[in-house]
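The structures considered in this document are given below.
After this come two complexes, each holding chain A, first together with chain B and then together with chain C.
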Partner chain A sequence: MSIEKVPESDGEIGVTEDGLDYDALADLLGGHVIGRETHVNAEGFVIRPDEVQEVLSTLKTEAGFDHCSCVTAQEYDDRYESIYHLRKYDDPTQELSVVVPTTKDDPTSQSAARVYDTADWHEREAYDLVGINYDDHPDLRRILLPETWQGHPLSKDFNQDQPQIVTLRENANPLQGDHRSEDDPDTMFINIGPHHPATHGVLHVKTTLDGEQIADIDPDIGYLHRCEEQMCQQGTYRHQIMPYPDRWDYVSAGILNEWAYARAAEDLAEIEVPEYAQIIRTMSAEFCRIAAHMLALGTFALDVFGDFTAIFQYAFRDREVVQNILEDLTGQRLMFNYLRLGGVAWDLPEPREEFFEKIRDFLDELPHKLEEYHDLITGNEIFQMRCVDTGVLTPEMAKQYGATGPVARGSGVDYDLRRDDPYGYYDELDWNVVTEEGCDNFSRVLVRMREVEESARIIEQCVDLLEQWPEDEREIQANVPRTLRPDPDKEIYRAVEGAKGELGIYIRSDGTDKPARFKIRSPCFSNLQTLPEMSQGEYVPDMVASLGSLDIVLGEVDR
Partner chain B sequence: MSSDQTPPAVEDVSTQEARMGEGVDDRFNSTLREAFGSTPFILTKFDKFMNWVRGSSMFMLQFGIACCSIEMIHTYAIKHDLDRFGAGVPRASPRQADVIIVPGTIVSKFAPRMKRVYDQMPEPKFVVSMGSCTISGGPFQEGYNVIKGAEEVIPVDIHVPGCPPRPEALVYGVAKLQERVANGESSPVTVKPYELEQFGDLERDELVDKLAAEIDEDDLVMRYNWNDSP
Partner chain C sequence: MLQESAPLPEALANLLGLDPNSTLVMILMSLIGAAFIGSLMMTNTALAGPWAKRKITAAFTDRIAVNRIGPFGLLIIVADAVRLLSKELIVPEGVDRPAWDLAPLVIASTALLGFAVIPMGNGIQLADPEVGLAYVFATASMASVGLVMAGYASNNKYSFLGGLRAVAQNLAYEIPLILTGASVVIFAGSLQMSEIVAAQSQTLVGPIPSWYAFVNPFAFVLFMIANLAEVGRNPFDIPEAPTEIVAGYQTEYSSVYFVLVYLGEFIHIFLGGAIIATIFLGGPAGPVLPGIVWFMIKIWGVFLFTQWARSAVPRVRIDQLIEIGWKGMLVLSLANLMLTAVIVGVIA
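For the complex of A and B:
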């Protein structure tokens, strides 16, 4: 879809040993850069709204920024602004923000969807929530809110109390016009969802079939858009925001999400987290990853061979064990609310030996259980027939759509922020990033199963460390001011490796104790965009398998 | 009882007869049946009997919305196993379900769809609302897009508070519902229903006029007057 077909250069422009040389990048763009900003994570180049495609395609093809991880839109008192957060799949620490201001009277900016396919949905969201128009966008309409919604809720003059009317109308077949004759339709339109057992929540997939094959598919989201960004913008940094991340990716991935916020806010407010707390964070986050992958596995088996009795129940049995351990640690089964800015809420439960023993029991049993899963699932011939070579996503496509996490790693894209952009205690531990080359549904499932093993390795090392940690050095919390007020106009985009991929947070502070803009970059949102790519021309059951292997959580897609 | 029947000679009977044996099939006998002895009759009111039956075998709708649905799945799955209480078989189609558990935040785009699903369930039907979001909007109450509780859209029998409620709490909620159904008590409450109505039937005002070009007269719509929300 991209207009640029130039062979990619080596992408070495501006790369030096101590980070990016932004002057070299600015030279590359020449007169296009009309201003420079400094964000905490990267520099920002301010460009004109009608030169977006040109600048971004230069950066993509010549400077190697192949990953458009997020598009943030926001309204200032005097202007609208879109920020394209670019980074590289090979080295995500090389970041660049491209800032596109537009005027208040005419908030129109050129679309980047022809350079990065992933910008399509991100810009639709920006249009929907903030109200910026994107020229040359392939399909600019609302994405999260109903089509008949009035106003743009994250813009400054939005009146939240105005009445709204939402329709429940029949969906039209988008290919109806292509029929040779009205009386002999050769395509059929099917709604899958929003209430459907295979859509993992409230996703609505508008599907048009030609015979049994999918001719057109359009995921319709927004059935769980519960204003997470607004909620975070209304809360104070220190305590009021932390409960919300738990509810983005609610498949027990709470601590991973909390970490995304904690990392961004800590870097924004320059808080150092004590080492001991980092180890606890690392350990509990990996437990969350195991729980999330177990659910993905169980529901995938349910989708693919309707197995409610064996594998699904086994996966939930193992999740219960993980949830028990996390409950001992945090006091909650699902919404942990355990991390604090600067550390964690409390130390490990007493008696510690008992807690460690419980973890070790779980780790000892895990290899046997995984073997059982492999016997039941990946070794199963029916499963292989359903999953091998269906839902193929090439690495190039994965990168175009900004896919991350197991979806990207299942397509052979070696991208894991735990290793590439280290945080927490990961770089001190011995573990591997799992990738598979198959690019199909099978690979994505396999990646998750193998990641569970790696998570177990990480947990084991953390337990060893925690066990030997001297008693008088168990510092769980850094010294954090009671009220955090980061400097005005400080901006940051920081991401962690969530269960589904790169979970990023953009925060702009305005000097008060609440963020002026809080933007969530959800991995599922980007990953779901690949669904049409994977299921075009496939059968409906294969589409369901692809959807299951994407492992989306609607709470995170819609936020 | 079957022990005192002497098996007939093998060559005399067909396989079917050999399997069935003589007389009444004793597989239907139970301890309860034996307790009745020679007078296998009970005297009860028909309504009471029907209610008891209704409460003892409920088909739940497989209906997931948000975070609470994860705990709801745990309630169905092993360890908590809601099936033990005669209420565990999730049905994928609303036309086969008696009970809908509403597990999560309801937003403006989803409420009309949920109402439609509820309407498709056959009578008598019961609603268990799970979690704070279905009581008041919960942590998202101040959101621009969030319906302030399930009761704004459909009537609710039992509220299970929590964010999310533990599986034990949901089991308790379902057990309470069964108790109420068995006792014939039912008092679903609708605070202020957002109804599905035809666009043409709406009172004309600024908003309706503005949308008149986009929406057909006979399209079903749900109108949210946020100011009237509790």
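For the complex of A and C:
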């Protein structure tokens, strides 16, 4: 295995040979820890709601927890709770959950946004959907639902039958001034989106321009919010949840998303997946990654070239081959629904030789195709002029905002869950994590293009393994009870490396066959937060390019 | 040589046996001639142009494009016309009415005016004034006025940005364009289009004609690049920039107005092609085939080039465009002009 990374976290408090020493961490926090919980993935420290900033900044600076993956909010019968899932970019297996309970009467907790910038949006979402107030939050507004929404839909007393009347006049004043303020008459407010050729879906970027330069931008999301979390909470573990992940990142990253749920639920219910099924999963997931990266490349070219030009069509032509292979495998082109808890839906299509040949043909062709792309895109001087040193995201900022996936790796943050928190069959295979040091739009594109090569390597090894696999050992499904009822009050946060980054799922079980809380940590959601950071002071075309290089899918941002 | 024959109205009068010295006859004949040249160009730009554009782009991007209506999808233009003309003309609230209505007309008609002085071979040239080249540049530049009108009158911020970009871009590229054109004038010693064509009728070395594209390839390249900016095609399609400012100055136009704006763009590309063909590619000169055919081939060649650039080259940013224009193109075209003047001065 060539992909070992030596954790650089030596000397950090609480780090021992075999993982984290939670007692040492508790000692570090001293009296702040008022209780301890055990989650499946990590220990949880219960702290007081008015000490959040103190505890988190201690953990960040002294214990090295520089990655706030996710903020999960939920309501119990007697309390509200916010959970900060902390990890380390150097070693994401070192996890810690910080649990902040608040009372029912006054659900107010201190905001973590001053410690982790990424908590800004996550807490806004918690406020929006669950109804917890965060003190000292820079901008506590609703994020997914309209400003005029009544109530908090994931809270227990929310009345679903209540009519929601949202008029435009109530939501925003159409006669609002054009400038940021009276003393700033040179700026102009412009709505980029929700219907705009460059927003890749329904994203609304409230932009203030100074000439053509961006003085201020505020991404407004939620147009594609489909209550995915709540829908998952209403489905049974065994079968009813699996179709939903396909609808998060819907541009061909379906199996990667399914795997996120499968991984969390399998660890929660202690299901062992047969090795053969893991190889099929690994292979199909990498196909999805290639398809997703091809689309990212094509649409990014669309943003920079400015039209449906050659490169967009080439990327789609080659993505089509991947789509056909996935169609052969899963029977679907978009909503694969191929993974099952404990395995996959069915074995490879017969005749297997034909299927393998198709894959090998694709893999043989791929290097030429990529060379063509490099000629057309990355080798083009105008393209370089447009992309190098625009949309700069420093590694520090990337970490602050919880950026993951190609966005983080394009900023030189060496973080890939396939290697750092291995699952599936990845740790048995020979491949590399791709990073680029440029921190700009160009690096992010390069990372994706090089990752396609690495995915192809993974697929090739998987195909070799699958070809040689003895026929009577092709076990695609573990023995899983028809109705899955994990033990009550188990909590787990598990993530996989999706096409866009760390796609995490938090599940709390309550002994029934449905999750009590199902929280999705979407990589696009965190990545999109970096947009204002990247485009401040740049030109509109650069903002559009940055948005393209972030490769967001609104289905995953809004869920 | 055909170029030396009389301009079209006079030729028509002679053909019909009318008196070429009568003002009334000349006005009538000029109108007929103008209608003929206008129809000829419209056939190329409005009928063949959109179809060819589709097919060319499709070839570059590995697609098939229109192939359902008529042979090779040729009748698509009929469907297009029905579709575009039957659409509702939406007039947004708060547009600056006279300017907003006039802009599409200005954009479409100014470019068409330029064809009046272009010698297309076989005696097809409406007029041959002594300041022909200056006249062509002047009419082509007037389209910018239309763009600004459209951008400013639309009461839309995207249109507004597009209009501003159009002005900035045209300022930055017209000067190199005209300076490069001027270097040709120094060679030919005349602004008259027929003179410029005639000056290219010799051979340079062996079978290579003394077209200015071969005499001064540097000027030719400069002119081609500046022309891309002039007609607003990649890498300089900044006034429209679909992924940035939606459609720029044309955002608010629909139905017939949109047709006019779109048509104006096509005519503009063809006018650019006509200028290049005349001053750099020997006008209608060519073996075997009649002059008008050669002339059309050359125009379509330039059109193909713009479509190629559009399919394969990324768009530059507005500030980069201005920088290339003022710091690169202007300096190079000035150097080219000086050098040409010196060389011509020494030789002559």
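Here are some notes:
What we mean here is this: the second predicted complex is superposed on the first by the 530 of 559 C-alpha atoms of A that agree within 3 Å, B and C clash if a C-alpha of one lies under 4 Å from a C-alpha of the other, contacts with A are read in each partner's own complex, and residues count from 1 in each chain.
One rule holds in what follows: contacts are C-beta pairs under 8 Å (C-beta built on N, C-alpha and C of every residue); 3 or more make two chains touch, one makes a residue touch a chain.
All values derive from a computational prediction rather than experimental measurement.
Model built by superposing both complexes on chain A: chain B and chain C clash. Shared-chain residue A:R124: touches no atom of chain B or chain C.
Once the two complexes are laid over each other on the shared chain, residue contacts for A:P197 go to chain B and to chain C alike.
Contact with chain C, but none with chain B, is seen for A:F383 once the two complexes are overlaid on the shared chain.
When the two complexes are overlaid on their common chain A, residue A:R450 makes contact with neither chain B nor chain C.
Once the two complexes are laid over each other on the shared chain, residue contacts for A:Y244 go to chain B alone; chain C is not touched.
Taking chain A as the reference chain, the count of touched residues is higher for B when chain B and chain C are set side by side.
Once chain A of one complex is fitted onto chain A of the other, the partner contacts of A:M335 are limited to chain B, with no touch recorded for chain C. Contacts of A:Q313 after superposition on the shared chain: both chain B and chain C are touched. By the touch criterion defined above, A:H85 lies against neither chain B nor chain C after alignment on the C-alpha atoms of chain A. Contact with neither chain B nor chain C is seen for A:R281 once the two complexes are overlaid on the shared chain.
The clash between chain C and chain B in the superposition falls on 115-123, which is one of the stretches 7-15, 97-105, 115-123 or 223-231. Overlaid on A, the two complexes show chain B and chain C touching the same residues of chain A, namely 196-197, 312-313, 317.
Partner chain C is touched in their complex by these residues of chain A: 188, 190, 196-198, 212, 301-310, 312-314, 317, 376, 380, 382-383, 385-386, 539-542, 544.
Taken in their complex, chain B has these residues touching chain A: 62-67, 69-71, 73-74, 77-79, 92, 94, 104-105, 107-114, 116-117, 133, 139-140, 142-146, 163-164, 166, 196, 199, 202, 207-208, 210-211, 214-216, 219-227. Residues 145-150, 153, 158, 160-169, 194-197, 200-202, 222-228, 230-231, 234, 243-244, 247, 250-252, 295, 312-313, 316-317, 319-320, 323, 333-335, 554-555 of chain A are the ones that touch chain B when the two sit in their complex. Chain C contributes residues 60-63, 157-158, 161, 234-235, 237, 241-246, 310-320 to its touches with chain A in the complex.
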